[in-house]
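Both of the next two complexes hold chain A, though its partner changes from chain B to chain C.
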Partner chain A sequence: MKEFKPLPDQPAPNDTVGPIHWVKDNFFSSAANTIATLLILALLATVIPPLVDWLLISANWSGTTQDACTKDGACWVFVIAWSKQFFYGSYPTEELWRINLCVLMLIGVIASSQLLNKDWRNKFSIPAFLLLPFVCILILDGSWIGLEYVSTDYWGGFALNVLLAAASIIVAFPLSFVWALGRRSEMPFIKSVSILLIEFFRGVPVLALFFMGSVMLPLFFPEGTNVDKLVRVWIVLTLFMAGYMAEVFRGGFQAVPTGQYEAADSLGLSYWQKTLLIILPQVIKVSMPNILATFVMLFKNTTFLLIIGIFEVLSTTQTALTNSNWLGGHSTEGYLFVAIVFWICCYSMSRISASIERKLDTSHKN
Partner chain B sequence: MSEKPQVKSSPSFFNNPRNRSIIYQLLLLFGLGYFFYSIISNTLANMEARGIQSGYDFLFNTAGFDILMSLIPYDATNTYGRTFIVGLLNTVLVSIIGIILSTMVGFIMGVAHFSHNLLIRKLATAYVETFRNIPLLLQIFFWYFAVLAALPSARQSMSLGEVIFLNVRGLYFPGLTPEGGASVVYAAIAAAIIGIFVLKRWAKKRQDDTGQQFPVLWVSLGMLFGLPLLALIVMGFPFAWDIPYLKGFNFRGGITVIPELMALALALTVYTGAFIAEAVRAGIQAVPHGQTEAARSIGLKEGKIMKLIIVPQAMRVIVPLLNSEYQSLVKNSTLATAIGYPDLFTVFVGTTLNQTGQAIEIVFMTMAVYFVVNMTISFLMNRLNSSVALTER
Partner chain C sequence: MSVEQEKTNENNDDIIVIKDLNKWYGEFHVLKDINLRVKKGEKIVICGPSGSGKSTMTRCINRLEEFQRGSLTVNGVEMIEDVKNIEAIRREVGMVFQHFNLFPHLTILENLTLGPIWVQKKPKKEAEATAMKYLERVKIPDQANKFPGQLSGGQQQRVAIARSLCMNPEIMLFDEPTSALDPEMIKEVLDVMIELANEGMTMLCVTHEMGFAKKVADRVIFMDAGEIVEQNTPEEIFNNPQTDRLQLFLSQILDH
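The block that comes next holds the complex of A and B.
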């Protein structure tokens, strides 16, 4: 019997593989594409060299005063000279270790959540993450734990943006969960109160809420009560965040199949057992990416605090730009620096969100 | 089994869901009642202590301050009520500019994500990832203090054909002053718009009945430009050009776009455009690829596939996302106050509140305005949504 011998594989035709084809396919596949490619290349060629020159090559890196900026490029001396203010605000120099300690703890908690196994993550990382902002507030304030008291007037810079965002989301988390439950409730009064709360804090510009916090909240408290400015901001940020997160959770609740509720009911679980043990874990899983997106929004919105006179990072930048020793028009450098810092944080959070989405995806579609 | 399961005929009072729900709601009602009672009594006491009169009478007092830009006639002798209108109109203006431009930018960048050209794809991604992740306020400051403040002074203005000027004080356009007979031109424009609506309905009915298509777009464009042009020629161009000219240190005449408005509109456009681009990308990705293949297999051209197959289905995902983006654009326009563009927030919550001290009334009125504006957007977008939503049979 004659054995069947297949012919050896032929290589793919030359015009469908290889770098030349890749270039042709991606850049010159049609006349319009060729024109677009050439136009974009021309644009990049005119924009990038001067930009790189300004940013790096003829930039000024060393020195401590404005006079050190002798070359035509960017004056990074400005950013370097003010970097302590940008990150720490006017927190006393000898107490800066407290902020560094908080940052180290934050890095430690984030690292632990990546390194530890699932069991320890639930036992250590998550509680530590939830407690961290409060621990940091105690350390930064100092008077409660026997350190020197540092008034909130001195808190500022990028550290304040991070702290306020983190402290707000952690309080907003349980609050928004309750609001979202209320919105799904069958009790008409509780339902309508929840809807009103959620829609109010979502529908009103956050700036109006900040003004409410700084102009109207003092009127609401009994006479003589003096609530710290940062605490008022914290309350407002928390409520604002809770409104948005409640809607995220509502979406999460809707994504949990009805069968899960019915199965929990048929096992005889009580309402809270059902909600906390069966529904909540699934809700958090499906809404995690949206929670992170909301957090990114909150984090970016902490810059709005400039308008009511809180010394967060953008406000510090404005102060630095109007300082009489630095009136040389360094606004581009200053804003660029702050933008890069924010960009790194927000972009990495959106990457983390995408990776969590992949990790938590226990469906069988792949 | 001798034991019988013990089943109560009715649950105890507290285990009855009906009773429980009434108790919970009563508790909430009393809690809220106490909360509001204490807030209101505290507020009244505080206001009395500070000597603030409540009420809306202040709206009829003379404002006594000037506003940088106003769409209606306004001067310092007008009332606080009029400052409210001026601010409201400025907010509406910047919101409309922002919504139109960001939609254009967002759709272009969203579609660019699916380009065959790698460079265009990468540029679209770079745009979205850059501007989405930088705080809006920072972007506003960047355009206002770093870019627009670096423009030349009035005497060294950049100009386009000596009719449009750009300098550090703003952008100057020529304006049109209507003369006798201008109303005929306005009537022609109105007639063209009505005509387009009628044409569109007729063309749709004809296509539904007979399957024949009618070139609606070209005929509409022809009507929109042709009718007013005809009216202009017949009436002998009843408009006078009002071209800006340099007088002293500044330009006079024409239409001025102040740098505050430019910076705010630019920042809102670029920031919201990035989010809309993401929405458009998500919408197009949500359309199964089989739709494109099916459309190709029945012989539609690529342009028609996009227009007739992909976009109508993508709109179902895009429209609800657009709704929330537009609403956040309107809310974000309050950041005008950081650079001094006289929107509702700057004028009313800023200056008027400072002068009158009527915090509660003013904050309440402002919040109500943003609520109404957002409800209007939501209503319009829901109308649009129901027209693009999937009709299942």
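The block that comes next holds the complex of A and C.
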């Protein structure tokens, strides 16, 4: 019998690998491609130098009043002078450590979800993440835990955007899952109520919801109770988010094969055991990118709250811009700053969620 | 089987009793007057052409499918709407699927301990010890901490068998357990099933593996168009088919 000998591997031909080939392949592969590349390079050459000049080189960095802004570039003095307001709102200065503590805890929980193994992530990071907004509310309010009471009138700035978004998504999460389950239910009543809720909160513009929240929600509360404005906003954001997330979950449910339900049934698991232990984790896994997209949308939509007089970061910026000491036209700097802060947050979230997705991915062969 | 014969069987230890079972999908009559009795420890192979209702009948036994008429009793418990009865029956019946249906987000060990921990309320340690015992029996204890996606098809199917066995069932149902597998993996799964048969497990197996049927089956059931057309020992079924339908079926599957 003849012995089978595999052929040896040979190196790839020289003209298909290497950086020069890559550039040629991606930027100059055809006449049209070459023209496009050159045009874009020319455009970048005209835009970038003046931009860098304004942003950094001739920008004003030091000083405390707008008189310090003598150079042509951006007046970052404005942003620096107001940065405390932008981040913390008008929260009392001597209590700012509370907000910092909350931020540190948030960073700690996120870090733990990246560093711990699966077992500890389930045991620590996830419960901690779910509890964190409520713990933060207790700390910021203070009166429940023996600290000095700080009324929500003083809560504001970017910290408030983050807090509202986080507190909303965490309540919206279980709520939307139940709505999505309801939408799949075979019981006509439950099904139609779920569809109604989902479609209402998805179909009405968030601004209209905010107005309804400030005007109509109080009608549902018992007479005489004065429900905090932020609580009303929280409820509205939660319901809005839940409408979107329920649809995200619906897509996720469709991605779970029926075999998973059958396997769970044949093991004798109850409906809720099957749903929570088998289906939910798989639904979350496939829905991660869309959950994140929805959350980013909600997070950015918190800036609409300026319209109903909540002092989140955008309305703080407007206050600063109309301050009589800063009437020098710093709106570009102000809005750019808000944009950059949001962008940094959203971009980090998408990095974190990509890494969570990789961790959840158990389909790989290793 | 004649009526007299059925009567005389009534008093012995039949673990599954199916009487005049009928099932429709909408207007479509899938199962027609199915009568079947299975003794404890009996091994039954179900065969028949595609669409004949083999899967549907098997899945009625643990209520993955409902039926509209007739009765079904498993281990003395009658299959009725009541969740209690359904759960009681599912505790006694294990099932192995064509596409394994392991839980992809759980490790192999977690796949095996999930049922014992949540359904039988066993302590985790005990469930894990049992799981390891069964993983050794299906010869893959070294894979315990991997995820299903990292295993070959044959290994996954053996895990699926072990997962059912961890629940300590009285009856095992198999629905074409080897038809999604590459030829070289079929044997490793069949070997596990043969071993299980030799230990006295009651088994109902939908399969086209005729070698397996000849080796372990006490009885082969041939279905067509929603009916049980013939049932007999493997020798009789293969060497002495009574109907032209079975003869045709056998000639088709033995031809290739």
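Note that the second predicted complex is superposed on the first by the 329 of 366 C-alpha atoms of A that agree within 3 Å, B and C clash if a C-alpha of one lies under 4 Å from a C-alpha of the other, contacts with A are read in each partner's own complex, and residues count from 1 in each chain.
In this text, a residue touches a chain if its C-beta (ideal position, glycine included) is under 8 Å from a C-beta of that chain, and two chains touch if they have at least 3 such contacts.
Source: prediction; values computed, not measured.
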Task: Give the label of whichever partner, chain B or chain C, reaches more residues of chain A.
output: B
- prompt: Just chain B (first), just chain C (second), both, or neither: which does A:270 touch?
  reply: second
- request: Go through the superposed model and pick first if A:281 touches only chain B, second if only chain C, both, or neither.
  value: second
Query: Can A:259 be said to touch chain B (first), chain C (second), both, or neither?
result: second
Query: Once the shared chain is lined up, is A:350 touching chain B (first), chain C (second), both, or neither of them?
result: first
- request: Mind sorting out which residues of chain A both chain B and chain C touch, each in its own complex?
  value: none
Message: Help me check something: in the complex, which residues belonging to chain A touch chain C?
response: 257, 259-260, 262-270, 273, 277-278, 281-282, 285, 360, 362-366
Interfacial residue positions of chain C with respect to chain A in the complex: 62-64, 87, 90-91, 93-95, 97, 99, 101-105, 114-115, 118-119, 147-150, 163-164, 167
Query: What residues on chain B touch chain A, complex-wise?
result: 21, 24-25, 28-29, 32, 39, 42-43, 45-47, 49, 116-120, 123, 129-130, 132-138, 141-142, 145-146, 149-150, 327, 330-332, 334-335, 337-338, 345, 349, 353, 359-360, 363, 366-367, 370-371, 374
Field: Residue numbers on chain A that touch chain B, as the complex places them
entry: 25-27, 29-30, 33, 36-37, 40-41, 186-190, 193, 203-208, 211-212, 215-216, 218-223, 296, 300-301, 303-304, 306-307, 314, 318, 321, 329, 331-332, 335, 338-339, 342-343, 346-347, 350
